[in-house]
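Note that the chains take the letters A, B, C and D in the order they are written out, and that residue 1 is the start of every chain.
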Amino acid sequence: MAGSVFGEVFRISTWGESHGPALGVVVDGCPAGIPLSGEDFTEAMARRAPGQTKYATPRSETDTVEILSGVFEGKTTGTPISLVIRNTSQRSGDYSEVAGYYRPGHADFTFDAKYGFRDYRGGGRSSGRETAARVAAGCVAGKLLAGLGVDTTAYVKQIGPYCCRKNVYQDGIVPSREQIEAGPLRMPDEEASAQAEEYLAGLMEEGDSAGGVIECIVTGVPAGIGEPVFDKLDARLGQAIFSIGAVKGVEIGDGFHVAEARGSENNDGFIPTEDGVGKTANRAGGILGGISDGNPIVLRAAFKPTPSIRKEQQTVNRKGEAVSISVKGRHDPVIVPRAVVVVEAMVNLVLADLMLIGLSTRMEDITNYYVKN
Amino acid sequence: MAGSVFGEVFRISTWGESHGPALGVVVDGCPAGIPLSGEDFTEAMARRAPGQTKYATPRSETDTVEILSGVFEGKTTGTPISLVIRNTSQRSGDYSEVAGYYRPGHADFTFDAKYGFRDYRGGGRSSGRETAARVAAGCVAGKLLAGLGVDTTAYVKQIGPYCCRKNVYQDGIVPSREQIEAGPLRMPDEEASAQAEEYLAGLMEEGDSAGGVIECIVTGVPAGIGEPVFDKLDARLGQAIFSIGAVKGVEIGDGFHVAEARGSENNDGFIPTEDGVGKTANRAGGILGGISDGNPIVLRAAFKPTPSIRKEQQTVNRKGEAVSISVKGRHDPVIVPRAVVVVEAMVNLVLADLMLIGLSTRMEDITNYYVKN
Amino acid sequence: MAGSVFGEVFRISTWGESHGPALGVVVDGCPAGIPLSGEDFTEAMARRAPGQTKYATPRSETDTVEILSGVFEGKTTGTPISLVIRNTSQRSGDYSEVAGYYRPGHADFTFDAKYGFRDYRGGGRSSGRETAARVAAGCVAGKLLAGLGVDTTAYVKQIGPYCCRKNVYQDGIVPSREQIEAGPLRMPDEEASAQAEEYLAGLMEEGDSAGGVIECIVTGVPAGIGEPVFDKLDARLGQAIFSIGAVKGVEIGDGFHVAEARGSENNDGFIPTEDGVGKTANRAGGILGGISDGNPIVLRAAFKPTPSIRKEQQTVNRKGEAVSISVKGRHDPVIVPRAVVVVEAMVNLVLADLMLIGLSTRMEDITNYYVKN
Amino acid sequence: MAGSVFGEVFRISTWGESHGPALGVVVDGCPAGIPLSGEDFTEAMARRAPGQTKYATPRSETDTVEILSGVFEGKTTGTPISLVIRNTSQRSGDYSEVAGYYRPGHADFTFDAKYGFRDYRGGGRSSGRETAARVAAGCVAGKLLAGLGVDTTAYVKQIGPYCCRKNVYQDGIVPSREQIEAGPLRMPDEEASAQAEEYLAGLMEEGDSAGGVIECIVTGVPAGIGEPVFDKLDARLGQAIFSIGAVKGVEIGDGFHVAEARGSENNDGFIPTEDGVGKTANRAGGILGGISDGNPIVLRAAFKPTPSIRKEQQTVNRKGEAVSISVKGRHDPVIVPRAVVVVEAMVNLVLADLMLIGLSTRMEDITNYYVKN
């Protein structure tokens, strides 16, 4: 309700501020019997962590995930999994100046408007660092989904005006993790990546920043996942992705292009396949009527440029006076590459929840479950 | 959970199929003391109803909303408001053919995959007619919001490739209800509307259909509405809008354009105003860090073309055989104009919920409330 | 949240006032494929209905349940089931006097304190008539549970000081429906029933009323139902039973007697059985650590005497003046026999919800489900 | 859903096993501006902690509460408050034997039945130690309630057959904290306490255990708190109290005695008072129609005897063989005195939640809030 709980059956509760002692998440509703250890978090946490490249803040957080409950003898027990990530690199002194004014593009003003005051150290709860807890929870969801054959892959599609070639996914082949991780920007298109690097170099010189687009492909989701009406798979994905701080747009399948298409173009035709029903195309992005159709789920999210810039900006201080500021400290000129793993985490959290909810759909299956068990 | 409940404090539960006896909604959590009568629904229901123009199905549903509970002596009592809309025009015979195959672009296949069978009459629960219940609930939310000075206006921004002139809203003036309702397409730009009409005429001749974009502006939302992290105002709006059947993309403020902008361009500067803090621009669409900043909320949604088209399509029947079909019956060549009021309803439902949730934000206010009462 | 929604996966939303046009409930989350028709409600609705005996108000409500959605070709579709019961016998004139003062033992004062005004006709939302919607929803839950081998039986254990013989259940045999329905009080003990009838006759003469105790036994619940900590099976049953208007006490198994027992007496010993693990006794009432242990669930609820009595009482009117009143109109001298079916309904609603939630407990089962489907 | 989340607006998520590294809770939805520090937890945690007297296990846990988020400059920020309590005294070796069989009266068997395996160390998630997290969360709720004039007091009413004198509360005066803490059993009646001590001495000699009854009085709750129908104040209290492991019965006000009372005796008459409406008695325990009536809330809970006893018991091991056991290790002969603070915590969590929910009851108040802010 107050915003830090997500999911209905696979339900997480995150907590933590950028400069408090730690961040974390409690995962309630994870089924028993999933192998889980600290190592399951290492790769994803490292992909989100700062300090990886020159495009990311040099803050050298190791972001080790400590499991405090819910795992016994290497397997989940079905009871809440508490995950904690210590903040090891915070330096509160860096942010004292920020306390006095409202940074443009940040939540400083809106938090003050809502709560009357705020933890101003590094953005407090509105810091991008909050996503560390989501990524940790996403790893647990990912383990559950891996057992069900579901695989989620996100990558950077665009930075500033530089976009991967059209067929980076459209040919049906999902870029591999190796292709995505090959460059510093997680753009699986060497040419576009090189152009984006040049673009970023220019912006860094000017003390400015860039936005971009992340695309995410999920394979292996069986047909029939998602609920009609308000908990449509796309609706829950929409909430999940828009809940990532910098996102200003979300598309499923053909997205905004559908506005210009004709029905005869936009409808994916059904065709017989060996194991049932296939489609001639996937303009719907794997979702029809809010329910998965067995094709890959395809979504894109637009991220705004990092609001923290060195370049001078006009703003207002807490006394209501106009002031001119230059945001100091360590800030990514582009956060999009680091957000790739956050998108994957949020998508996995939605899918884990909806796949567990989907277990209660048919009386026949329920009868079989309780009769045989 | 199963998809037909929406909201946490202002919580609705919708029900009903296209060709059942009725549709409706229960609104739980509406505060006591709001004047409400059947007339409060008339205009909105009429704007959603079919049969208004040549671009809408001729089904002449009156869509009268009957209040069965929760209102006493003309005011809401604080207990659940049950609203029922009778289906008066359904003709089940029309749809018998549809039972046997999967219409492309529809939820026929995914409902069968999920539930094992479906109410095939007119799309059953996945019919656009389901939105009648949302519009009715949205009217109750709208009455609450009107009392708080909040005003929500949506209109058609684009149909097919024809788009309203850029400054239809960008100049800061929200198009008036009169301007929006002047033409048959709810496009507050005469020239674009005329072009779109011509475009639609061509499509109707070919038995084809069009999509479009709806823009929605909300004024009067105070700064401080929305919750951090997962229940951000934009996240909840994202879920709400993506839950409308045909939506494939949602944008807040500058939306996908932020990907190409620089931080220095995209950040709205803060400026002192008479009554506090204003902004030099509203690229953020009135939301920072998931919380309203006191500026108009701006969002857009992309709607796919009506999937039901007369034009021949390839598909599969329930036996898994390839068949060629032409969807008969009454279908809108474009549903976007009728969806305008659905977008307004969903936005109002989100705002009513988050504004009620916002009441529990500050201890000082809570103490005042309980001490004085 | 606002009180009329119950359950998480099998979730109901009730609505309606005593003297409005109708009452009803929306059942969301009922699995697809359960046979359901209007006749499934007839018996239960009749058992709750007034006018059955001289101990019940003569109001001759037929209480027919109309299914407005969620059922197609005789089976549930998985989408919301809307059930409506018309109020056919209300006479608003009867209650005009009540508007002016606060009936002792009723919610008149507390509703006014909460909402500032109330629908005073027949108690409005706080009327016992509200339970008709619960019973209707309980029938749907009951159909689901019947398919899983679960059977719920409640009966009157005690009226005033007259109690069924100790072994009416303690011998392990659940009283049959015939035994329960044999007398007018649903007490499956002829002698106690006769004494209670005499007791009631005396009270009716004095314009007074009686309370009582209902016992409920559920057989067929497999071991493993219920969640640890806050959603324990007994905790959810506790909420469910206390949510029935007149209930002031709830016991599971040995209930308050455990306070005086020793651990060595109170612990049920485990013993090997043919199909697993049994117990030497069932003092725990079928629940250990909040989770069913495979034995019958046993609970009792204490109901206060009907607060509406003809006998003169002291109270206060809305102006705050002391007044003396005699509650007129049709009122049951004891509501306990009619509440039997309400207890069964609430128990079934809890079990249906927790058994659906229980589907997502083990990864192995989930994998089997999604791999084979 | 999976059982470790409680509350709707003031929502907690607890986690932790008896012998894991730590236990804790995330409190989401706590308003901003409440002074909070580690010291606010000290007294309550000590009252729950083991090792206080000879009637409690000698395990010397200090149970220090560490605040990891949600507090800044000594005040709550409105964002999640993460509280962690390290397990410092666990010795896994103690419990290895327990892994192989099912202790009577414990959740060993039901956890295995539900999840397929369990963390057997000290009861794992089903350990009474789990309540440490509830008490910590209850302290936060208590701070909120203190600001609203609400005061919650629980004490031991009965141990085994020994009960405090009838008027320990009935005279309207709540026993003071000093009176309650004066003896080792938290029984504010010297004579009964002495008898109970003697009774316990005998049981300890025999390796047996005792149960008891806790009574809880809440003063200062204004009239109008609680929601109609399912979220009645008594229903939510019922869930909360039954969620405490050993509770088998709950009463509100006169509880089970109402079954034998007449309506004319049981109804509390209303009377005019200086500041509104009072009552001639409080048999209802401060709740009418599920909503507080301004009088003290009165509830009682029956606790079963500690199931862990040294005395020999019959049970079954995981292979399904009959075995005879004697539960070794440190166990309280009676847990009731330590549970006093757990009851207070659960009551406070319910009240904090319902009082925050109550803020959205009346349109007039909501308008005032948003117009003035």
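The rule is simple: a residue touches a chain if its C-beta (ideal position, glycine included) is under 8 Å from a C-beta of that chain, and two chains touch if they have at least 3 such contacts.
No experiment lies behind these values; they were computed from the predicted model shown.
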Interface with more contacting C-beta pairs, comparing A-C to A-D: A-D
Chain whose Cα centroid lies at the greatest distance from that of chain B: D
Averaged-CA centre spacing for the pair chain D and chain C, given as whole angstrom: 26
Centroid spacing, where centroids are CA-atom means, of chain A and chain C in whole angstrom: 45
Distance from chain D to chain A - Cα centre to Cα centre, in angstrom: 38
For chain A, residues that touch 2 or more chains besides their own: 1-5, 8-9, 14, 29, 32-33, 78-79, 114-116, 125, 222, 224, 228, 357, 360-362, 364
Touching residues (chain side chain A, partner chain B) in the complex: 1-6, 8-9, 14, 102, 104-107, 109-111, 113-116, 125-126, 130, 158-161, 203, 206, 208-213, 222-232, 234-243, 245, 247-272, 276-277, 280, 284-285, 287-294, 302-309, 311, 313-316, 320-322, 357-358, 360-362, 364
List of chain D residues in touch with chain B within their complex: 8-10, 29, 31-34, 76, 78-79, 144, 147-149, 222, 224, 228, 355-357, 359-367, 369-371, 373
Chain B-touching residues of chain C, taken from the complex the two chains share: 1-5, 8-9, 11, 13-17, 20-24, 26, 28-30, 32-33, 66, 68-70, 72-73, 75, 77-82, 84, 114-119, 121, 124-125
